[in-house]
């Protein structure tokens, strides 16, 4: 193999740059050239790419975002788009493609793999940590820590004003972020889409805590649980207390990656290149029980990662 | 004077604790006792207070929020409320009261001063920096820096996705926060309530920049300019680009105060005690042109602080 | 079991408070009282302790240090000290003791277990991550991230001045911290006590990089590799470049724990209480391959945790 | 004037990039070209420079260090060096030069101005804040806040271990940094070169505090006060307590600039261009009493900025 391609796709996640750096430098150390496609799958279709050498990825390990830019690409969901991408990869003599992205991007990679001779390997990068087959995704640890710092600040106001705060965090349809954040900020309640909850119970807990002297509360709610504005109003009505909503928003996607996100990105990037050089295709890099593995891309795309509900139980026990 | 009181009122601001610490320790060094009233003016009315000595304020200089708690108090807007507070101050032998808070709290202090023999001195603490007569309020520098860090993170995503972001910051009816944040993050536009703006102009600038190769943009908008969700949609319509709204929210109120907010709090706290010991009443501590002064409480309450529009002009020149 | 004790000992590590909180609240939820001994083993010997209820550990999950204070205790290395501690535990009706600390503290726990009927369970908390049997210790992730932020800052100066920096990090006799930090800051060289290195090779690499256009370099050196001041001078002599030493020092021990250190502390604290309630004794809580286990205290104390040298190799490949 | 030059010189300071950005964009908006000289005065002598347009300074307002690199240049202290630089400026048709740097760099600018027709304007950028005629320099606020965050972390360990820490901060021969840091971390003592101190008094205070129940202490010492390692040992001997030294070091120079450092850089950069366009020469931009001024370069170089000792007195009163 003389040349591989690398692309970042979908929502950006802190550590994507560290993964690009690892792909480029490991490939280079094995005598393999790297081309970077720009703006996600759009760049594959438009053949918008540039050569990446060891110096092109200097000074990026600590930067959020992605130097290759990223996008969500509707045209890649059509046969025409996929075929154009496949043809570009062939014409560019790209002997293998590393796709760094979340579950939508991996689904795109699977689609592409079906019409394309070029071997493809996925690298899970997503702040949501919702990809089957890997205990953790690149960017998750960073997003959790960013949110935890924010909630620590909001707690200052919650305590000073003896107020209840609902803090909405990201995670799309899943509760991995909310659970990790809620447990580590010591939230009084954690609401995730995977587990039904009862607003009456939450409201009663808040009132009961108030009687015991705990006059403020933090409720961490995944964006996927529904209308958190309405939820906030209902809790205010039921408890009679001041309840405020804070939506953390896009800050969770950005910022310098944590050490752990950088480490994971480095390990994943190295593994991805190794897989391609070993002639593997349609696989996804993963970390399972603290070891780097790979799993089948198709299985990864059609399976649903379970939430560890024992952590939710622990969080509830600890938040008395 | 043998005893003074201190109270924090209204929205919390980082550095309030540093101000309490300064009041308590300076008073103590002059042989004056301090009682802290809890939960803002509620505590004055309910006579909910506790003795504060030098050790009571140990280890708080770096903490956000306020150890005395705070609240907005409706009853303090009635004559009954004010008279109860005045009576408590007299019965507690409080020879002077330091009120640490924003413009609503200073207005309350003015009301109280009209029915109360106890001399009152105000200390401007507000993330909004909207208090007449002082160049800066306790907490403003912290809120600016917190927001700037957030926007720096959002810029990662903006650049990676080549997207436009509208970032709504606090500041209530005024644009001090938005201006300071927008200038120092290098925002492409800054929208403040004090200066009319034209969405067509903003949209055209974004499109013009896009043609010149600048594909992302950050628009910092004060919460006081109106419905920023609608604004975001309008810019998206007019430009045809992806435009996202991020509301920074309550994180701007919390967190450890910056060095500057702690310094200002220390200087203000010291000055407030000194004023009371000098027999002054109905004044507000202030910083003007880098020097500590005091000004008349009534003038402070009825005057409107002007926004420095030359800074807005500079920001626009720099954000090409 | 009606009552257990908890103590933090040795060097402080961020997350100790989160572990105390977990021990206290899990015990409480099982109907077990908790007493906290103060100032490490000194408090066991002096029987300096206080009752800890769920409210005593409110608002501490995010704080560095330890509310129980800690110390290194010489007297605990004598038979008299151990016997006094054992007697206090018996007299206080403490049915089990949780020791939160590093390897010295666990060695002390082992010594105590030999003269004491009270079952003892260890919780590994140390920024050094040098405890056998657990993949990670409480505080390690925080110390790594703190150091990484520092080195990111130093890199600004290194690049601006085109200078070489030797950054000394903690870790005592071991290289776990240096390796994790070096890999994730993209250090040009990582020096750990476990692996011999050659200053000529390092110096030649720096000169070779300089010729290739990479004019600054970061060398992360564990404190355990020896005299880093001398090392710095030698590299300066051999290369003829400006080389500066920066010793990160105590900041690595403090600060708010990361989400991961808080999570680990919560899981460890819960497991420790569970072990005691199951009648276990002389064990150490651990995380292995992302699962919570426990192992034998004696084995933990006499075995040496290996450094993962494949990570060092990866770091070198990535730092071209 | 058709073209100006800009150079960063001496020790790097956070905000230098924001100043370069301001110089370039303001000049551009006035129709003036900008060339950036690289590596400080070395670049002036070697005529190593590049054209800077508005896009060259995109995305740098928030970055520490300097994109133009910097150096200390011995050759610039010779007549030959100065004359070469002067000739290059003339040959490059540079109609004015902005020098961004600390006091050594301004002294160099003064020397150059004596042999050179090209008007020169200085912009004070230094973490030390030791430049006469300006209340604040670019980078000072950032360095203070960085150090304050560090000391806040060290305090965790100091309290947990009930230990005394001497924290050495930068500032070269002056105490501006130490004073600002010490006051805002609530240090028990602040040692600056400008004010004599007595180790016996400090040691007695520590012992006296210990008796009153304050068992830890932070002493912030400027690097300029002498051998802080020896000082630490002496305090340990005199008090009999554990005393540790922590040297904050180079982290104080780096990192993203605070909002205030960015604002100052923007205001200074704009003023510098305006001065050159107004035909001014041999001046230094400054902020005095919160207003932007300029003063004479020679006066700036030969005068010594006084330390505000009243702040030291306040710090001592507050640190009881």
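Per-chain numbering from 1; labels A, B, C and D assigned in written order.
Definition applied: a contact is a pair of C-beta atoms (placed from the backbone, for glycine too) under 8 Å apart; a residue touches a chain by one contact, two chains touch by 3 or more.
These figures come from a predicted structure and were not determined experimentally.
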{"item": "Given chain B and chain C, the chains that contact each of them", "value": "A, D"}
{"item": "Per Cα centroids, the chain farthest from chain B", "value": "C"}
{"item": "Proportion of interface numbers common to chain A and chain B (over half same, under half different)", "value": "same"}
{"item": "Distance from the mean Cα position of chain B to that of chain A, given in whole angstrom", "value": "35"}
{"item": "Approximate Å spacing (C-alpha centroids) for the pair chain A, chain D", "value": "40"}
{"item": "Mean-CA-position distance for chain C and chain A (Å)", "value": "28"}
{"item": "Residues within chain A bordering two or more other chains", "value": "152, 155, 159"}
{"item": "Every chain pair meeting the contact rule", "value": "A-B, A-C, B-D, C-D"}
{"item": "Partner chain D, residues of chain B touching it in the complex", "value": "21-22, 25-26, 28-29, 54-55, 58-59, 61-62, 135, 141, 144-145, 148-149, 152, 155, 159, 180-181, 183-186, 212-214, 256, 258-260, 262-263, 266-267, 270, 288-291, 314, 317-318, 320"}
{"item": "Chain C-facing residues of chain D, complex", "value": "8, 12, 14, 16, 39, 63-66, 69-71, 146, 150, 152-157, 159-162, 165, 244, 246-251, 253-255"}
